[in-house]
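Here subunit A shows up in two complexes: once beside subunit B, once beside subunit C.
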Partner chain A sequence: MNVLKVILATLLASMVFSPSFFEASSPLQMKIDEAPVGAIVEIDAGEYEETLVISKPITLVGNGEVRIKSCEAEPVIAISGEDVTLKKITVEHCGYEEEDTAIYITGSNHRMEELIIETRRYGVKLDQANGVTIKDSEIIGMKRGNGIDLWQSNQNTFEALRIASVSDGIYLEQSNENLIYKNNLENSRYGMHLMYSNDNVLRDNLSSSNITGTMLMETERTTVHGNAFLANKNSVNAQGLLLYEAYETEVIENEFISNRIGVYIEKAGNNHLESNKIRDNFIGVQMKNASDNKITRNTFVGNVNEAQAIESSKNEVNQNYWDAASKVDVDGNGESEISYTADPYFLTLTTDVPEYQLFFQAPGLILLQNLLKSPPEQLLTDSAPLMEMTMEVEKETSSSLGLWVMSIVMIGASFSLFIIGRKRR
Partner chain B sequence: MWNIWRSELRMTVRQRSYYSFLVLWVVVLSLLFLLQASAPSLTGYTNMTGTVVNIALYIIPLFMLIIGSFSIANEMENGQWRLLTTYPLFSLSYIVGKIGGQFTAQVIVFTFSYGLSLAIGLLSGNQFSSEWLLSIYFFSIQLIFFFLIIGIAVGCVVSTRWQALSISVMIWFFLIMIWPTALIAILGLVPYTWIAPLMKFALYVNPAEFIRMSFVLSLDAGAVFGRTYDSLMTFLNSPSGVLINVLYFIVFLTIMFLFSMGMLEWRKRR
Partner chain C sequence: MKRNRFNLFGLAIIILLLAACGNDEVQPVDINEATDTCEVCNMQVANDQHATQIVLENGKSMVFDDVGCMYEWISNNSDEKKTAFVRDYHDKEWILVDEATFVYNPSVKTPMAYNMISFKDTASAESFAAENEGSTVMTANELADHSWERNQEMMEKHKMEDHSHSHSEEMDENHNEESENHSDSHEANHDDESHE
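Take a look at the complex of A and B:
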């Protein structure tokens, strides 16, 4: 009995005075407060349940597996001032309040690297923060708050981030000249969402399986270059890229693959789409009330419905490659002499009565198509479609051995049934 | 029932016209598979898939309606059915045997042609995705099944082959070709709020539309039908949606059987 008691006592004691428990009661905050300006504060491995406030230029580095966790109303880490660096830290916010945020940043020139952020609401909030860099990090949410949320924050850089299961992957409001580069945004509402923000650059990002890959609303001079928008199709409102009242956007060399709508342009003008690959979408490009946009040298391949536009005029559409177009090149300049028109009859039909959307690609629609011919000014016309694609389109396949087996099984099985069917008495 | 089944199968596979179907399917399917060579991608719902599905929807229902209705109308014309009525034979087992025999025969010829066309496609250096091939295959088999049953029902109504042909073509033209046009024309007359429920109802009335919708849904493309059908699509995609498919199948089969049986019994009494 005595031995048992002793063991129990030591167990209890070891639990109470264990290093992690001990450190939790002597807060990291003290270490931070004591550190001189410019110091590098190393945090030992372990789990810390507290909130931190950092307002002077220091560097916080995790030494091994460091997890800082809090379920309180305030952010787990609040950063202000200048030149604060966080490195190799896992930050978890477990609160369920509407505005709960894992990391709150204001001030300028902070750096966040190799962080893992787990949150139930917001991941990182930048409030009037400038020149902040966040890179090589991961933000995982519960679809109830944005991954990175910017408010009046300019010239920040977001690089090589993986953001999943949040509301908006990266959300910018009234924030200009930010660079969003090589990030991976998935399973969220919007991958990137820009509102009233100008001169931002979106480059080489991958936005997949979101409701909308990227939405630009009331923005000017955004650059969208080299991004991939994949499989944003599982919602009835899904699209790869949505330009809504967006102006002077440069959309160049992006890939739009297997989305419900590849690019949707509404009430937007002076945008420029060039050299994009628009493939296997249910609808390639759709325009509504859009004018003065330029769509040129894109490759449209395998889209169920290539393009449709209503109430859109003065758009310049030419020199695209359309795989559905009939092409003849007489003078050998690489452009077809037959112009390609996309009739928006289906869009016209379904804007009045959305229920008719069920007829999408119905076999009887061909008959209807002739009845519903739209007036010429409503057509989206490419006056000189290209003869060749502007880029390589790769093909995915099953192994041909498997297919041979399938073919032979089909032939063999049905052939033996033939014989049986003919012979039986 | 099994005797009818077997004799129907044997008679069908021994007909010369049966082998003309083999040629027809091989030609059509090979062309489609060769066309596929120019398509950049093979999986999912693309314009190529849309084209293949539409061609299947044009051609399969028409031939199945004609085959189904002829198989009964033929026996009506040459007196074989009258002979059969002298035996103690249930109308239902006659119909089930007919459908079973015809369906087996048609699946055999379709499968054979599919395999052969696939081999031709592979020999000519094309590449395919097995998932895509199988989904198209099962889509076609479903079409064969549903329209054979409708065809048999037509056969039970008509008395000559000429009637069978004209009614078959009429049904095909209505269900496939002018279905959207007809619906839009009719729905233009009803109050706006009725349109959504009537469209959903119409979806179940026309097996071609129902099969097409399930096929699109199976390719994860239910979102193309828009917001109005979002809840319906989500529901049909869930496990209980499978139940709806099975239920649809059973209800459709029951209605068609009862109808055909009723027609035959009525004729017997005459």
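Take a look at the complex of A and C:
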């Protein structure tokens, strides 16, 4: 009996003391709390299941493979104050609640480098955070919640990030003067999504296979320079770049390739599209209720529809290269004397009855289009199309050899049928 | 004779039943997140409490990601015959716009920042308003006169604060205070959602 009592007592004791035991197994937060301001805290390799709160300027560096994981309602790492640096850490949030966030940042001048963030909902939330840099990192989600989500956060830098399978790769709301540079955004709803945000710069990013490459809504003075928008076509509503109530946007030297719509502009004004390569899209540029935009020196090659405009007026369209235009240059100034007109007839027809898309390029429809001309103020007309492209457009030559071989084999096969048929007689 | 009368009676019932079938009400369709975009602002419509819908007389249904977008469409197309639906903030049930109660609160986040949410009964709208400061309870009729101001104004204010950030400490304190308010209301929203 006594032995039993002793065993029971030890069991009880272990249960009573276990909370302190758990606390001891949360060494990271203790390390952080003990570290003096400005210290560099190294984390040994391993998996840590806990949530961290950092509110003073310290640096956290992973030494080897460090994974910090939590499925709780709180963020895995919550950062506030100033000058907090995280480096070489994998952060995983495994919760499925709507607002679950891997890293929550407020305050200013924090740096996140070489992180891998795995999340079921949000990746990084910046809530009134300024001067934060996030670079060389990766954010992978489950198409619910944004990769990086900014709310009233200004002058932050996002560089060399790979963000995939989230709702919006980088989402800005009421956030100004941020720089988004050399990121790779893919397989998400929107690559970059700006709302009510001004003076932001999107440079040299690659946005591919999203529903919309980039969406600018209610923005002013956004710079979109040197980005590539590729294959944003997997949804019936897909497009490379969408400007909705966006003003004074500079869209320069970007590539829009293989999207459903290259650039879609609605209710937007004073935007400037120059020197963009718009290739192999279903519709190159589409405008709706848009006025006072300037589209110049772009190269349109291989689009099913080059440009369409409905209820849009006073847009300045000139000196673009259109591969479908009939061009004659009499005075040799490099500009065609024949203006090129994109007729919105097909689009107007299909807006109310989408089934009419079946008649795309049907001879009857082209006849109708020529008979029932759209009112001139609805046309998108390039007054002086260029004779030459404004940039190099790589020609697909690789497949031509295959095409020749295929043709010769087919010709041979069909001739052999003739020969065999004759012999039988 | 008796048998005949019985047949007539049966026929009458069948006719009545058929008539009842033809008189079906307009029903909202489910949101398809993969393909549905807002008729006004082109954004993908999430299958959540903010989604709204209009069904036209010819059966065509249009969805909106925010009740503000729907009212923009209504004001541009006031001559169309339509049935408008919104959803309950808590259980996402579709309700006719005229039967819903609305709460306007500038700190409630909605997809297009119109800051308006809808409830199927007045009681839950009022309790939400009581829990969240700065709320205004509205009926569908009052909504028609609403200015549909987006949080743009809030943004302008914030911008001003930002600029004076470096100049004065006082402003900085105000700023922090506002940030606390913001996170408070946010948590309140979150709690509400987790009750579902």
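Definition applied: the second predicted complex is superposed on the first by the 381 of 425 C-alpha atoms of A that agree within 3 Å, B and C clash if a C-alpha of one lies under 4 Å from a C-alpha of the other, contacts with A are read in each partner's own complex, and residues count from 1 in each chain.
Simple rule for what comes next: contacts are C-beta pairs under 8 Å (C-beta built on N, C-alpha and C of every residue); 3 or more make two chains touch, one makes a residue touch a chain.
Keep in mind that what you see is a predicted model, and the values were worked out from it rather than measured.
Peer 1: Which chain, subunit B or subunit C, ends up touching more residues of subunit A in the combined arrangement?
Peer 2: More residues of subunit A are touched by B.
Peer 1: What is the contact status of A:Val301 with respect to subunit B (first) and subunit C (second): first, second, both, or neither?
Peer 2: first
Peer 1: Touch check for A:Ser235: first (subunit B), second (subunit C), both, or neither?
Peer 2: So A:Ser235 meets both subunit B and subunit C here.
Peer 1: Just to be sure I read the superposition right, which of the two partners does A:Tyr356 touch: subunit B = first, subunit C = second, or both, or neither?
Peer 2: Only subunit B; A:Tyr356 stays clear of subunit C.
Peer 1: I'd like to know which partner A:Met195 touches here: subunit B for first, subunit C for second, both or neither.
Peer 2: second
Peer 1: Is A:Gly421 in contact with subunit B, with subunit C, with both, or with neither (first, second, both, neither)?
Peer 2: First partner only, subunit B.
Peer 1: Please identify the positions on subunit A that touch both subunit B and subunit C, taking each partner from its own complex.
Peer 2: In the superposed arrangement, which is not itself an observed complex, subunit A uses residues 235-237 for both subunit B and subunit C.
Peer 1: Can you list the residues on subunit C that touch subunit A in the complex?
Peer 2: It comes out as residues 34-35, 37, 41-44, 113, 150-152, 154-155, 158-159, 162, 179, 182-183, 190, 193-194.
Peer 1: Applying the document's contact rule, which stretches of subunit A touch subunit B when the two form their complex?
Peer 2: Going by the criterion above, the answer is residues 233-238, 258, 260, 279-280, 282, 301-306, 323-324, 349-350, 353-365, 367-368, 371, 393-398, 400, 402-404, 406-415, 417-418, 421-422, 424.
Peer 1: Inside the complex, what are the residues of subunit B that reach subunit A?
Peer 2: These residues of subunit B touch subunit A: 6, 9-10, 12-14, 38-50, 53-54, 57-58, 104-105, 107-109, 111-112, 114-116, 118-119, 122, 127-131, 133-134, 176-181, 184, 187, 192, 195-196, 199, 203, 208-209, 212-213, 216, 220-221, 223-230.
Peer 1: Looking at the complex, which residues from subunit A come into contact with subunit C?
Peer 2: Its residues touching subunit C are 97-99, 106, 127-128, 152, 154, 173-174, 176, 189-190, 195-196, 211, 215, 217-218, 235-237, 242, 244, 264, 266.
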